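You will see chain A twice below: alongside chain B first, and alongside chain C after that.
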Partner chain A sequence: MTIELFLQTVVNATYAASYMALIAVGFVLIFGVMGVVNFAHGELYMAGAYTVVALYADQGFPFFLAVAVGLVFVGLLGLLMELALFQPLRDNPLGGLIASIGFLLILQTIAVLGFGVRMENVPPSTQDKLVLLDGAVLTYQRLYVIVAAVGLLTALWLFLRKSKFGWALRACAQDREAAVLQGMSINQTARLAMFIGAALAGVAGALTAPLVSPTPFMGHSVIVTAFIIIIVGGLGSLEGAVLVAILYAFVHTFVTTLYDGTLANIVGLLLMLAVLVVRPTGLFGAKERA
Partner chain B sequence: MTSKLALDRRRFLASTAAATFMAGVTMPKIVFGANKVVKIGFLAPLTGAVAAWGKPGLDGLQIWADWVNADGGIKIGDDVCKIEFVAYDEEYDPSKARTGAVKLIKEDDVKFIMMLGGDPWPGASPVAEKEKMLVSTLLPSDLSPETTMLVAPCEVHPIYNVTGVEWLAENKPDLKTAVICAQDDSLGKPSVATYLAAFEAAGIKVLGDPIFFDPATTDFAPIMSKMLALKPDIICLDTCYADYVHPLTEQAFQQGFKGQMISCTADFYPKMIEKTSKEFMEGFIFQFPDFDDPALNEPHVNFRKPNEFYAEYVKRFGEGEWGAVSWEYASIMDLWSDAAQRADTTDPEAVLTAMKVGGTGKQAFGDAEWWGKELFGIDNALVGLWPVVVIEDGKAKIKEFKSIPDWWGKHKDLLIKHMEALDQMYYQRS
Partner chain C sequence: MPKPETNTKTLWVLGFVLLAVVLIMLPYLLSFSQQEILVLLMINVLLVSSYRLLTLTGEWSLAHAVIMGVGAYSSALAAKQLGLPVPVSMLMGAAAAGFLAFLLSFPLLRMKGFYFLIGSFAAGEIIRLTWKWSDLTFLFGGPKGIKRIPPFPDILSIDFYEPVNYYYLCLIVVAVSLLILYRVERSRIGLTFHAIHWQDKLAESVGVNTFRYRMLAFVISAFFAGLAGGLYAHYVGAVAPNRFDVEEMVYILIWAIVGGTATFYGPIIGVVALTILNEVILRSFGVDEMRPMFYGAILIISILFLPNGLGSLLPKIKEWFAGRRDKSAMAEQPAQ
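== the complex of A and B ==
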């Protein structure tokens, strides 16, 4: 492997780690606080991408405005899911899971009816790029994803550590019953978690829309990767999700570049299997979680 | 409660009486009217990653049906028949293709089924063979000695890809090295074997092994990085789906590739230009023309009114929606309707016999021969001329029609060798 190819692969992996971390952290936040596996998380990512299709590609609004609207819109979609689906089914985790599958299909159908089944074309907001070495390049479009992921995840970390609402979220994630006994509102905390988790998926979709050619079915592949990441990282562990997203992205990208993508998928699944055998709770998972 | 029910019942009875009356009024038209309706099945992906090779074809068929039906329909025996298409979305899934084939044959009573083919074909195959249903595929690699009711009457994928490479070697002889990538599936593999044979025949060296990627791939940067690391003159995108050709081309542009690109398809290429640049896409070679191309008015072309067809398609669906298959299923219908009229019946076996009479047929781009015994074990692929298309100044243009049988006559051993190496010969497929 030449130094140029090595550097290019590091750049590719960093981008992949960034959007995967945004998606996985949102996914794990929802699971941690609410105990619900949100199967529609991939479709929230898709909804973010289609917000950019509608506002930026179709209507000509500035790209970053479309991304910001995508973040808020998908966050509100998450809030809607919480109010309409998860809150009424709070005592029935299986019901929440099935409801999320239904919501997944609804979102897919709305996208199909609104935009058609084919991939959408989202022109890049810029074609500028950084040339790191001859042959190794980082486009600004990818750089935006990396910068946004670092910024948003840092902000989330600070929010969870330094704010009263963040403490409530962490408390609910650790032990919901104890949190309720301390006077915290599960419903209020769940709404917050759902908004943040969905918004992270939405902003990931919005930022990557010019890079992936959105389709109504684009959520499927990311949800599989998100599952691997949160299982290896430990269900409910935000730090685990970030670190494993980075680990997974680097392993997957390097194996794809050096060998092939199918082998990279196998390696990813073997990694998950190995972690489950050695440490069933995941690398950063607590032994028992409410 | 009782009165409400009684009211509902009265309404129900009144509605039923009205419906019966209306049926009575319209029934004589159906029984004694001039036109019968022949239903034709369309079993192809209308959603998912492969939808770009299904939905535009169905759109094209609608134009075909509107034109034919507006002219009164087609005369079969003593009847003049309107054509109606019944579509089933098989989502490029064999089990759904099987369900769709059963529905189309048993419930809809279709007389002919058009498929994209590929992975879904093994699902539909047992049903089609059992029911003796005539089925067309765009992918002759589905053919085998057992598929007696399956024909590939329009597109001889992937064999026509040799024409693009042959033209490239003749016109840009300084390009000597290539890399190939494709999704790892029944569409990608035989196409890779074909490009390997075509490059070898043209004296172009393929660097490294072909790169097969998982069809679930979403980030194509690592694949392009790997290809560019080999410093090729030519990047070959094989028969990648549109969902892959676009991001791969974009990645080649972003990672600074300056050489030649060749691909089986470049569906929705104006959008590729939008994502890269007109300069980058200049000279991009592929195999599927826009039908407003003046070259399609040459006398050997059999497709009816290609320029008008394209204009109507653009009017209905938009210029950016034209794709590789927009015209293909319509051209298959030309062949089927011609055979059905000559056979005086819609019986699938009789139509197949009429279609193949004399061993030749009128393929869209010219008169062609029923061929394929050596490659597929059965002469059910209609092969002849195929266009080489190049993007010039942002527009696809036919550069030349080249003969597939001529290439086959000179290099068939190479193609069989590479097909065997990738387990793609009919006797190697399970």
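== the complex of A and C ==
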């Protein structure tokens, strides 16, 4: 491996880590607060990407406006899921997961009916790029993703630490019943968590749309990645999710570059299975939830 | 009251005879393409019933589609590469699926609930990606899978390439399998599965080795899923990794949940009802690409409004009829 290829792979892995972290943190937030495994998380990501396809590639609106609309739109989709599905099914332990599978199929079909099954080609919003030393290249398109991930995740972290809502969210994630006993509204907190979690997936999809050629089925690989990160990082641990997203992105990108993509996926899944067997609470999980 | 009991027994026997007659006559009432769907429906009935056996212990697996694929791939390879006769290779495929479940139960059955769900998903995906892996293309055929799988041989000059004849073959295999699954559920073993589902700590405290029983449920369920895979592989003649992906798994889940796993017949009602709806409504209106949305909506509606599945409707209907009969019987009695 030449130094140039090595540097380029590091750059690629940093980009992959950024969007994986955005997706995984939202997924963990939803699971932590509501105890629901949102199987449709990959399709929320897909919905974000298709917002950019519709507004930016088809209608010619500015790229960042389309991304902003994608963030809000997918956040509202999450809110819809919470109100229509997760709230009525709060007492059914597998109910939320099953309902989210139904929602996933509906979102997928809407994308197929609206845009067709073929790959969408989204032109890049900018041709500029940074050339790092030794010739490794970082396009601005990828830089946006990295900047957005760092910015949004820092904002989320401050929100969770400093604001009253953030405290309520964390309290619900730690112990739902105790939080309710303290007078917090579980439904209100869940709506907030669902909006934030979905919006993070949406913005990841919107920003990566020019880089990945969206298809209606792009959510599949995303949900697998999210599973791996959430399990290895520990259910309900946001910091764990970010750290493991970085770790997994580097492992996956390097194995893909050195060997091939299928092997990289197998390695990721084996890693997850090993963690499940040896330490089911994950590397950063505090304790097992009942 | 001994009399009503014999009545219900004769009713059951009559019902089964009627069902058998309908199942035997059915292919002659259908078109060629509908006969082909009927064969796949029979295979899916076996698949979803085998899945239910595992859910008896309270575990929901996401590897069942892949385990069916293990049966399909093993049977196809045994027939094609080793040249074994197809009926033998099918049984070998089923045994391979069962053996794989035995091996997988060591890591997977250390987990429960959500962890088992995700763990089984990971294990299934690893197997599926191994089929896809380019370095093993010489064996599994990569993403394109295995083609030109030998068909079921003619027996007594019955041509099993014909969907009608293959349907009868499936009917016999599935009927025998369902009988075995039913007997297992009604045996001591099946009762222990129920005990593990509802009171695993209590079951352990009275000396039940829960790990062994969960393993047994996993292995039996995998064996019949593998058998379904073998029936599928030698009928369609080709298998590919994507045939056994998450989406197929989702359909198995939908059949089981819409039908309801509380009863033996629930998942069967689920798969039959959804297949009929699918074929009649979607295909006849030519909106085949809406199929996932249709399934998704049905899944959401049934989990919201009918969480115990279609199977839970049957006792209610029975009660309703019984209630009416009681009322009319009461009305007939002269008021005193």
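Quick note on the criterion: the second predicted complex is superposed on the first by the 287 of 290 C-alpha atoms of A that agree within 3 Å, B and C clash if a C-alpha of one lies under 4 Å from a C-alpha of the other, contacts with A are read in each partner's own complex, and residues count from 1 in each chain.
Definition applied: contacts are C-beta pairs under 8 Å (C-beta built on N, C-alpha and C of every residue); 3 or more make two chains touch, one makes a residue touch a chain.
These numbers were taken from a predicted model, which means no experiment stands behind them.
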Superposition on chain A - do chain B and chain C clash or fit: clash
With the two complexes superposed on chain A, say which partner A:T189 touches: chain B (first), chain C (second), both, or neither. neither
Kindly classify A:I231 by the partners it touches after superposition: chain B alone (first), chain C alone (second), both, or neither? second
Of the two partner chains, chain B (first) and chain C (second), which one does A:V37 touch, if any: first, second, both, or neither? second
Taking the superposition as given, does A:S18 touch the first partner, chain B, the second, chain C, both, or neither? neither
Regarding the shared-chain residue A:L273, is it in contact with chain B (first), chain C (second), both, or neither? second
Scan A:I110 for contacts with chain B and chain C and give back first, second, both or neither. second
Have a look at where A:L94 lands relative to chain B and chain C in the superposition and call it first, second, both or neither. second
Applying the document's definition of touch, where does A:D260 land relative to chain B and chain C: first, second, both, or neither? both
A:S125 contacts which: chain B (first), chain C (second), both, neither? neither
Superposed model, chain B vs chain C, clash-positive stretch out of 44-52, 116-124 or 134-142 is 116-124
Both partners, chain B and chain C, contact chain A at residues 112, 224, 260, 262, 265
In the complex with chain C, residue positions of chain A that touch it: 37, 85, 88-89, 92-95, 97-99, 101-106, 108-110, 112-113, 220, 224, 227-228, 231, 260, 262-263, 265-266, 269-270, 272-273, 276-277, 280
Interface with chain B, chain A side, in the complex: residues 1-2, 4-5, 8-9, 12, 15-16, 112, 117-119, 121, 123-124, 127, 129, 135, 137, 139, 142, 210-213, 215-218, 221-222, 224, 253, 256-258, 260-262, 264-265
Would you mind writing out the residues of chain B in touch with chain A in their complex? 46-49, 51-52, 55, 184, 211-214, 216-219, 221-223, 225-226, 228-229, 242-243, 246-247, 250, 254-256, 268, 271, 274-275, 277, 320
Under the touch definition given earlier, write down the residues of chain C that touch chain A in their complex. 60, 107, 110-111, 113-115, 117-119, 121-123, 125-126, 129-130, 132-134, 245-246, 250, 253-254, 257, 289-293, 295-300, 303-304, 307
